[in-house]
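Presented sequentially are two complexes of chain A, the first with chain B as partner and the second with chain C.
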Partner chain A sequence: MDEVINRNSTIARELKAGSGAEVGMQVLNDSQSSGTVGDIYVDDPRMTCRNVNVYYGDKQAIFDIDLDIAKHQVISMIGPSGCGKSTFLRCLNRMNDTIDICKVTGQIKMEGQDIYDGGLDVVPLRASVGMVFQKPNPFPKSIYDNIGYGPRIHGLNDDKDHLDEIVETSLKKAGLWEEVKDRLDQPGTGLSGGQQQRLCIARAIAVSPEVILMDEPCSALDPIATAKIEELIDELRENYTIAIVTHSMQQAARVSQRTAYFHLGKLIEVGETDQIFTAPRHRLTEDYITGRFG
Partner chain B sequence: MHTSTLIIVLLGLMSLAYYMGRKRSLNLVSGRVRDLHSLPSYYGLLTALWCGIPAILLLVVWISFEGSVVTGLVVDSLPQETQNLPPERLNLVLNDIRNLATGDIVSTTVDENMQQAADHYARLQGISHMAMFVAALSLAILAGFIAHRSISRQQRARNRVEKAVNFFLLSSSTLAIFTTIGIVLSVLFESLRFFQQIPVTDFIFGLEWSPQTAIRADQVGSSGVFGAIPLFAGTFLITLIAMVVAVPIGLLSAIYMAEYAGRHFRSLAKPVLEVLAGIPTVVYGFFAALTVAPFFRDLGASLGLGVSSESALAAGVVMGIMIIPFVSSLSDDVINAVPQAMRDGSYGLGATRSETIRQVIIPAALPGIVGGVLLAVSRAIGETMIVVMAAGLSANLTANPLEAVTTVTVQIVTLLVGDQEFDSAKTLAAFALALVLFVITLALNMIALHIVRKYREQYE
Partner chain C sequence: MTRVEKSLARRYRQERNFKRLGLGAILLGLLFVSFLFISIFANGYTAFQQTFIKLDVFYDPEMIAPVGETDPDVLSAGNYGGLVKATMRELFPSVTSRRDKKKLYGLISTGARFQIRERVMQDPSVIGQRESIWVPADDDVDMLIKGHIDLNLPESDRRIKDDQLSWIQGMQEEGRVEKRFNTTFFTAGDSREPELSGIKGAAVGSFFTLLICLAISFPVGVAAAVYLEEVAPKNRWTDLIEVNINNLAAVPSIVFGLLGLAVFINFFGLPRSVPLVGGLVLALMTLPTIIIASRAALKSVPPSIREAALGVGASPMQTITHHVLPLALPGMLTGTIIGMAQALGETAPLLMIGMVAFIVDIPGGAMDPSAVLPVQIYLWADSPERAFVERTSAAIMVLLAFLISMNLLAVWLRKKFERRW
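After this line comes the complex of A and B, so read on.
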């Protein structure tokens, strides 16, 4: 019943956005054909993905994915290796553009704007959809310049004082300020792994994104650093929408409100995290979370 | 029989030994290879090595001592007055005897004594050769036979062959090292002889270079001034021009190749750049001397500038073109070595390609690029052929690239080309120049390699 209501509200919104009834119908049909179980749609989405297919050359990596990403929520994407969850995540800020042979079809909208529209510039898109990678990748620059990099290239800072302020607030939000405030001029590569990853999160925050994508942000970190990052993710939810790919089901359960389970390039099931982990509806999801494979 | 025949015979014996050793090991276990300690081929190899190596060592020792022993015996048979000659004169006589024995042209008239000595020499040589043949072959057969007999089921043939291989590898690598040391020492000692005649300070700080010296006392000629500064100044001027050409073009082409170029363009442009690296320097040399230098001269003339027809500019520009592939391929490697994660991080923040290159990739690759440029500099400094053909001979101390300058390598060539006496300061100066040049390029290479290595560690 819930599902139907959600779906109807989406259609209503699409109609309001002026996309036409046809699109609404198509969404309905396609969502049935994609065969995903659970609540694909949410009332208040930041991003909507419809019919997303991704090809690497001749090989199709992602099949017909429909998914909404809700505002101020953490959505985690889980699934066995090679299931396409990272590929899907990288579609959300067009990071796949950097791979020559990669082709994306379908529609991904952010606030009603199709991000794969030919006229859209990826520069502001990537500023509003930030990304944190699996391995911490601070630039070989000072901590200050690492954070200042984004604001500088986007011209967000009015003057030096303003940039100082941005750096300070970003580091504070990332929970790193107290640890590095006395050595902002030292290289970011000299920090510990966990600090580096928080530096990368601060770097993403510094350009004031609306969505932050995280691709296995803790897989290169020890448990203590992981706990800190998870805590941080929970705090960040207040201001940002977060999509996180993770291999750790405990992590998904701890930090996310919604969970999407991917299998062989298909979105199998999506729903409230509690429900996915306690009462999965699809057999594959159940097999995966109970550890029968993956 | 010639020595080469002996070596061929030895190789034949070794193959025979290989075959026999292999066969014996198989016979021992009646074909069940798993009962042997090593594979049959190792027993064959071990037998072959025993057959060949002692004999070849004997050959080497024999050949290196044969000459002096035979010569000593011939000298003893010479008349007393000849034996009492000073060493240089005695050497001349011995040379004549050798030439007479082998049937070459002799510098003096042949007398009775000479002919006798030559016959004696030829006879001794023949005996020595014969003895060497017999000794080497019997040693080969004997050692091979013993090795063949000692093959047993438990013999650790594999380990011994590995040890022999290990030794071969070691001796090959030390050969290169000893050659280097030999070159350095010879340059060093000749330079010391030079510095006994000309003070080091005059050489290193002297502002005038004019190596012409009077060979005979009655000859008119300058006494020779050996101030190396004009040469090094010329070298650095040409190197600087070469770098001004090569570094920007090489670096920019590397950036384009690594970051922008499509697969098609890269597959086309890379081989073409490598062709540029494969052109012999002598070709660059006459390109510089016959095409580029006149072009600059005419261009200068039309602009009202006096450009020498052997200008530093022409030599430098052509040298720069020669070094472009060197700089670009080294920078290309370093730029490609910057982890993809850096690029992703920058793209993920919304940076464009050129912002990423300028602000992330180049700073990250900078140490490696600097190392590559330093290697290119040391190559430019040591480059000879282009400057011999395109740069001048007069040692001008000038910073004007339109004038002719000369370089260290050019002077070394001119000092040593033609008939030389090997105890004059003029000739020995070449060694001193070579020594300083060597020290400079060695230092540059070491700094460059250190930087490159440090950079590699940063990311792995």
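After this line comes the complex of A and C, so read on.
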């Protein structure tokens, strides 16, 4: 907050001096009530989050976050450890429900429907907001069953042939088909780390979600596997909306169009990725991306 | 540098001592276990053999029934005891006095007459004919043949008298005495006569008891564990329940026996000495073990699997039944088998509900009075006859064989289904 005030007073001085007036107005408009710098709104949002607060028992983990997630875009969430970016991500498909003491307030809307509304069932929500986790976590079942599990429980397939088709297209979209097409009956846990992670992505795709959440999907992978996943994320953007939490700023810069910077549970700055990495407007963002802490 | 080197020697010495200490503990344990096994085996292996005596029986129509008789009632009413006695008198015509005859008859087990009756009932055409059959010797003769009777003792202190000795020697010279595999031990129920007693009644009783125990404790235990671990909120009440379950696991088993006596027998009026009540009591006793093992198995399923299932939209119920339970099941089964092994070896609570009764018949179901293996061991250990000493050890060997195979099964299951992530 102090930073914002300082900046605003600088702008005021600039305004007084009569130079850079338009830029100054823009910055003032961008500063929302929550204190986030940058434009939280997008023209074509898939999900809109307003005043999101998350509490773990008495401890507040996330403070008043407002953020729109645009369709067919990759938004990356960066920030130092413990800044709440993963917590925020897990709010988007209500994965936090599994933690007893976790309480979420505020509004997260998807297609105009509040996902925290009491009447909304969490099962279809998770089918339309898929998730890929930090550590590859294939089921200890065959590759085929890993992919087929989601469609099966949701009754998405008409018959066995249709399921075969879903499995094949999902694996193709995840770029894994060529590597595993001859051994679909072998356990998914027998694949390499990078393959396992792509298997998990294929598993998420198989239930035809609209949004895919990725929680540091490459942190357990080597650079080559990471490159493949990043390439894949870029391809998936065509059909899906992707929100990715990452510790690697290079990765955020490579795969995302928008970037949100979190700090101590607050959304400090959000904007076009290029802008965030080349011309951050907030001191904290600048300090983080230039490596002064994190 | 020198200071480091100085302390280095001490550190290595400590490490060596630590290793030695551990090795010593293991060796001591092994020593005790091998001592136990050797003493049981040394005492018990002879029980798997039994002395038999060959008799030339004349199926006397006057004593049994007229030739050609087939009515089972008439056949079973025959004087088979007299037949055995007559055969013995025939074998040793010199024995005449009443006292000596009594001693002579004592060489043959009382089971011989039942064996002969069986033979006649099966095939009535033997009446009027002569046949050689092997009948079990009395347990004292058996002990003598196996060398458990000290012949240096004065005659009055011996179970086998001098003239009996000479008769036995006479029969041995004629090749009428032989040690054979003791099938009776595996096919008969309990008996007052050691040579006629067996463990089948107790083994079948144990089987029914464990069946009831498993049928109750496994589903209840697993359901309780799943509820506590996966569904129940973590609050003061569930903490209290957890503490109580852990406490129950440490309650002396005899208390469960008293509870069973008060609740199942006195309140619900179930019969005494039956495997049903035994199984119920043992189920109460085993439940904490199974719940604790099952909870540990559920805890060991990595949360990432749960997240993966929830992440593709599985409901909590589907997550548990499709993913968590199958992965936890080997651990649950292991815990259950170990609990069952514990229940198989349990004696004290069963004494309380009357399973200590002397029961000759082999139970046909869970509602028939019966003994169980450990109680049978307890009963035999209490018997004064020398021949029951080896049978006690033999029964322990059988019980240990069951326990070891159950534990091996548990280890095998664990190894087979062990998963690494």
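Criterion: the second predicted complex is superposed on the first by the 263 of 294 C-alpha atoms of A that agree within 3 Å, B and C clash if a C-alpha of one lies under 4 Å from a C-alpha of the other, contacts with A are read in each partner's own complex, and residues count from 1 in each chain.
By definition in this document, a residue touches a chain if its C-beta (ideal position, glycine included) is under 8 Å from a C-beta of that chain, and two chains touch if they have at least 3 such contacts.
Source: prediction; values computed, not measured.
Clashing of chain B with chain C is the outcome of superposition onto chain A.
Applying the stated contact rule after C-alpha superposition, one finds that A:93 touches each of chain B and chain C.
Applying the stated contact rule after C-alpha superposition, one finds that A:200 touches each of chain B and chain C. Look at A:223: by the touch rule set out above, it reaches neither chain B nor chain C. By the document's definition of touching, both partners, chain B and chain C, reach A:149.
Residue contacts after overlaying the shared chain place A:140 against chain B and chain C alike. Clashing C-alpha atoms with chain B after superposition occur in a single stretch of chain C, namely 109-117 (options considered: 1-9, 91-99, 109-117 or 163-171).
The intersection of chain A residues touching chain B with those touching chain C, taken from the two complexes, comprises 93, 95, 98, 100, 123-127, 130-131, 133, 135, 137-140, 149-150, 153-154, 189, 200, 203-204, 207. By the touch rule above, chain A contacts chain B in their complex via residues 93, 95, 98, 100, 122-127, 130-131, 133, 135, 137-141, 149-150, 153-154, 189, 200, 203-204, 207. Residue ranges of chain B in contact with chain A, taken from their complex: 263, 339, 341-352, 355, 359-360, 363-364, 458. Taken in their complex, chain A has these residues touching chain C: 93, 95, 98, 100, 123-127, 130-133, 135, 137-140, 149-150, 153-154, 189, 200, 203-204, 206-207.
Within the complex formed with chain A, the residues of chain C that make contact are 233-234, 302, 304-315, 318, 322-323, 327, 419, 421.
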